[in-house]
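Structures for review follow.
Each of the two complexes below includes chain A, the first together with chain B, the second together with chain C.
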Partner chain A sequence: MTLPMQNKPRTAHPVQENPEPEPAREAFLKVERVSKSFGPVQAVSDVSLDIRRGELFSLLGGSGCGKTTLLRMLAGFETPSAGRIYIDGRDVTDVPPYERPVNMMFQSYALFPHMSVEKNIAYGLKHEAMSRAQKDERVRAMLDLVQLSDLGRRKPHQISGGQKQRVALARALARMPKVLLLDEPLGALDKKLREQTQFELSNIQQRTGITFVVVTHDQDEAMTLSDRIAVMRGGAVQQIGTPNEVYEYPSSGFVADFIGSINLYDGSVVKSGAATRVRVPALGREVTVASDKALETGQPVQVAIRPEKISIAARAAPGAENVVTGRIANRGYFGKDTLYRVRLESGEILLASNVNVARALGSPLSRESEMQVELSFAPQAVVVLPR
Partner chain B sequence: MKLGNGFLRISVLCGLLFLYLPILSMIVFSFNRSSLGNIWAGFSLKWYARLFANDEVIAALGLSLRIAFLSATLATVLGTLAALALARFGAFRGRAVFSGTVLAPLVLPEVIAGIALLMLFILMARWIGWPTQRGFLTVTLAHATYSMAFVTTVIRARLVAMDISVEEAAMDLGSTPWQVLRDITLPVIAPSLLAGWLLAFTLSLDDVVIANFTTGPGATTLPMVIWSKVKMGITPDINALASLIIVSVALLVLAGTLMMGFARRGSPD
Partner chain C sequence: MSVQDIPRPDLPRTRWLRRWFHARGWKALVLGVPSLWLALLFLAPFAIVLAISLGQAAPASPPFRFLPQAPFTDLQSYRRLLGDGMVVQAFLTSVANAALTTLICLLVGYPVALGIARARPRRRSLLLVLIILPFWTSFLLRVYAWMGLLGGSSWFNKLLTGLFNLFLPADRALFSLHLMNTNFAVVLVMVYSYLPFMILPLFATLEKLDLTLNEAAMDLGSRPFRVFRDVTLPLSLPGILAGATLVFIPACGELVIPSLVGNSYQPMIGRVISDQFSVARDWPMAAAISVVLLAVLLGLMGLLSLLNRRILRAEGEDA
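Entry: the complex of A and B
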């Protein structure tokens, strides 16, 4: 389990205590109440998105959540059963794929097997009003952009998977589309190459300024790449927000659980107001939370706490809030951190992770089985979700 | 293990002999000096010489080649269209019926196909006054009709195996469906087009049944000449002719196999 990285190099999202809606900017790519059904199967239901110019927007969800169908509707390969799609103010809902100002990078890369890398990249330019020299220049620029200048004359079967991925990207970018659609752009690469390519991709997006819409099932990828993420489930959008927002302020238990790992327990509000208290049977106590939501006494809720926001120690620091006790059931050592599965007195499991700051070998916490521990978390660490 | 190995080798050898001994003996006896089919009397090329001096055989060979070329081309065009319809146009109305009727000739006995085509040509001559006589054109059409099923099967298999997103990518890059067909689909499946054409060509070249039904006076294909000659006993010049046909068919098959090999290497996986 890898926890999402927050070291996005460009647009730094201010760490907000209370997420406020960002100032409304004009939508560049507007999806308006779009639905799509294949016979009795509803693949996409009533999705609305406002994607801004120059944004890197991700559609994140498990398989069958409708993200690929939505992307194919943006490309024009599928027609919505209901709803409209606008790009840069123009209604493109009924425009065929070959007349849309968008290009797509396919999951299988879909390179033309009988053409060289250069010819692949140049293919889309034959429909543009450009001179031969301009086309050659563009192809060269694209090859430079993806660092494949030496491989222009190779055929697709003569290059590696990572190189194919970059040719596919260069080919899709060559026409300078208004929107670039990427279907699982890193899905076919191995882990090391994927991490490397992630940054390259967001670099290229930044340099070209083209609006990217990325479909992915990988939450780490979505977190690292995106300006904003739409989390999808069952054909509908669950939440739209910056990586920071969907991670720290999930709107539902599903989003909380899908992005990263989280402890989710049922509870009910005991006292609302400034110092809200929630009774959580699984934790065997009342928990103090700092919730911005208007809660009523007696309201059933879910509390969600990220493992890295829970301190674990033999004895909790004096003055620590929300202390619960338990015994360590298992440990997962990941090098940079250790994940503890702690069995509470209620029998429930609580996940807590600890960054391994010191190079200590054999501290009791990392060694002793069934060790009794005290866990604590700040009121601000708790997300309260309606149930 | 060693015993198993030896057994394997002998089995393979027996199998190959079973398949190729008749052909091999025919080729060998085509170089026989004696005119008696079963006695070896030394090496000679005289049957080949006599074959090339036989105007009837040469004319029949020319006719067969022309029919095979034209019918194979026609079958490839029609077969490609049928394969595209079956592999790319989704579930259109009557698709199952179309699929069945296009592929039925694969299992239809040639005799039936021959009779049916003959009936059709006779009826057409009566109703629309065409064809006025049966011969080159009717045999060509009959062969094209028959071999189209085989061509369709070969090309359809390739289309189904091809990654559709390659075509979508071309459309996404601004090409209309016709341009996609011309720039992407046809070049990618080109080897299977050639393979289908070669198959149709060979089918036409060695057909005797359908040709017998649908031809008329003055248009005798090579297999028909051989058939009529054999009825009066096998002569060594038939051996020579058959040997030449086998060698050329073997070369065509080899070319087709190489093409299919290229097709696989060119595919995007």
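Entry: the complex of A and C
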């Protein structure tokens, strides 16, 4: 499905068609060793990013990790203390916001309260060399895109939160920017609406072909939306990768812990090589791991195991590897799965989740308190991280 | 079983009263006190003024009487008022002076209010104190100070004269500028006196504006001045209207400033009322002028509040 406005000539920042089969590898939005400090506070330190054309890229991190400051520097509201920013090969570091080929969707939406929905969307077109009819058509196309065709004449206070979010998106897209910046785009929506809007957002991104940079603190949102994620902490980028890479191959304990839930224990390498073994005091045993990293005997490491990769049963299956025993401390029933907090003999807590495949009102596992269980996990399930 | 649950024959009534008080009482109290205040100190005196305006001047004490055969139907003071060119002229002068004062206050006050609203919080409170500081001196004293400044022998007048003479041929040079007892002086001192009443409501409105809206406008391609025109100015209209009301209305009825720095051949309406009361001892006439002034101001204020309500509704803040 294509958008009508994609065919329009004389747009400010026309959507570029992919000239070569594989041009996506080149950096379209390049952030080069950018730092920003506010007085003594270092908000962003030495961040470099290569964001590709047409990519949906997320900046993920907790509050105060510098993600919003970085986004504001991309929009031009803040000037980097050091480093350069390039968009489509042009150095825009010192270009003011009103001259950047970039638009932003604000967290608070920042809709103009004294203008109708249509006027809001048309606002950015004021400065474009377009005829009145072209502008009207663009506004119409935008309203269609976000499915608000009937609400054009309403004022922002007359529409719901979800509708405001769409208007904000339409307004930011109306100028067909080279890069669209989204600051917590779904943050103000309730859960149901958020899930629904997530898919709509990535759908719109694919249809328009515009490069999206999304700031979010919500790891689920980042996982479902993004082509790639940059996990940030303390003003620096911890890891950049696809959702799959970041989830399954976290580069540090922080990333492993931030994305999803994980069991993270200290250990030391006992035997390196083909069947690497790591002694983990918390688990009270040596664990067989399949690590692609070069590990030395005696090296201190962290092992990380996702709860869903641990099988939990009264008796472990025969031949199961890495079996530990414990007692169920509490259960969290989420419908689709159940999360068990198991107290190990060492006193440590291990999280294990079990998908509720069978439709049943409780198994012994989900009833008996303090039940003794055996947990096991495959060597491939373990992530070994340097400590 | 709690104390409240013990049945007592007289309880329902007290409980009803208590419930009423909790639900409505506070609201009634909060609205009642100012209503009472207005009724006693505005409506009742105004009724008296209205009554006097329907009487006839008489050499008596108090100096008016009512027609014995048809009391309160005598409109002769209103007829005289409309036929009196001096009174009509004074009305026009007042409205013109007040309008000019309001406009100048707005042009001077808006940048000041915007500057304060955008200043850092600590500096902001300091600047606000500076705006309010003149109120710590007597209003009368400040007007007297202006009389000194405007007088022909003051350094202020000499400075202005010197600047003025730069643009005149040497043989036409003035010895001093005639500033005292002019309409210019009246407007100047009124602007000086009423400026804070323009700045403060403007500041209150501008301070509340969401700066993200400015960023959004800038992000959508507007340069800073355009952002001001498209976002800040329209959103601050309620503040402009509030400030304009607070300046225009008292300026219209201003008595002290035109009496002290104005002249007697271009009087403002306040001075005419005062003269009718105390010099001419024509209370019905003075009362009639007051009633007309009030009607004019009420009409203008009604217009302004109508405008204000429309703007607020347009911005989606209607109650």
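Following the convention adopted for this analysis, the second predicted complex is superposed on the first by the 362 of 387 C-alpha atoms of A that agree within 3 Å, B and C clash if a C-alpha of one lies under 4 Å from a C-alpha of the other, contacts with A are read in each partner's own complex, and residues count from 1 in each chain.
Keep this in mind: a residue touches a chain if its C-beta (ideal position, glycine included) is under 8 Å from a C-beta of that chain, and two chains touch if they have at least 3 such contacts.
All values reported here derive from a predicted model rather than from experimental measurement.
> Quick one: chain B and chain C on chain A, clash or fit?
Partners clash after overlay.
> Which partner chains sit in contact with A:Asn103 here, chain B, chain C, both or neither? Use first/second/both/neither.
Both partners.
> Check the residue A:Phe112 against both partner chains and state whether it touches chain B (first), chain C (second), both, or neither.
After superposition on chain A, A:Phe112 lies in contact with both partners, chain B and chain C.
> Touching A:Gln158, do we find chain B (first), chain C (second), both, or neither?
In the superposed model, A:Gln158 contacts chain C only, not chain B.
> Per the contact definition in the header, classify A:Met142: touching chain B only (first), chain C only (second), both, or neither.
Neither partner.
> Classify the contacts of A:Ala75 with the two partner chains as first (chain B alone), second (chain C alone), both, or neither.
So A:Ala75 meets both chain B and chain C here.
> Taking the superposition on A as described, I'd like to know which of chain B and chain C A:Ile210 touches: first, second, both or neither.
Touch status of A:Ile210: no partner.
> Which partner chains sit in contact with A:Gly124 here, chain B, chain C, both or neither? Use first/second/both/neither.
After superposing on A, A:Gly124 lies in contact with both chain B and chain C.
> Both chain B and chain C contact which residues of chain A?
Of chain A, residues 75-77, 96-99, 102-104, 106, 108, 110-114, 123-124, 126-128, 155-157, 171-172, 175 contact chain B in one complex and chain C in the other.
> Help me check something: in the complex, which residues belonging to chain B touch chain A?
Contact set of chain B toward chain A: 163, 165-166, 168-176, 183-184, 187-188, 265-268.
> Going by the contact rule set out above, which residues of chain C touch chain A in the complex?
Checking each residue of chain C against chain A gives 210, 212-213, 215-223, 230-231, 234-235, 314-317.
> For a test of understanding, state which residues of chain A touch chain B in their complex under the given definition.
Residues 75-77, 96-99, 102-104, 106-114, 123-124, 126-128, 155-157, 171-172, 175.
> Tell me, which parts of chain A touch chain C in their complex?
75-77, 96-99, 102-104, 106, 108, 110-114, 123-124, 126-128, 155-158, 171-172, 175
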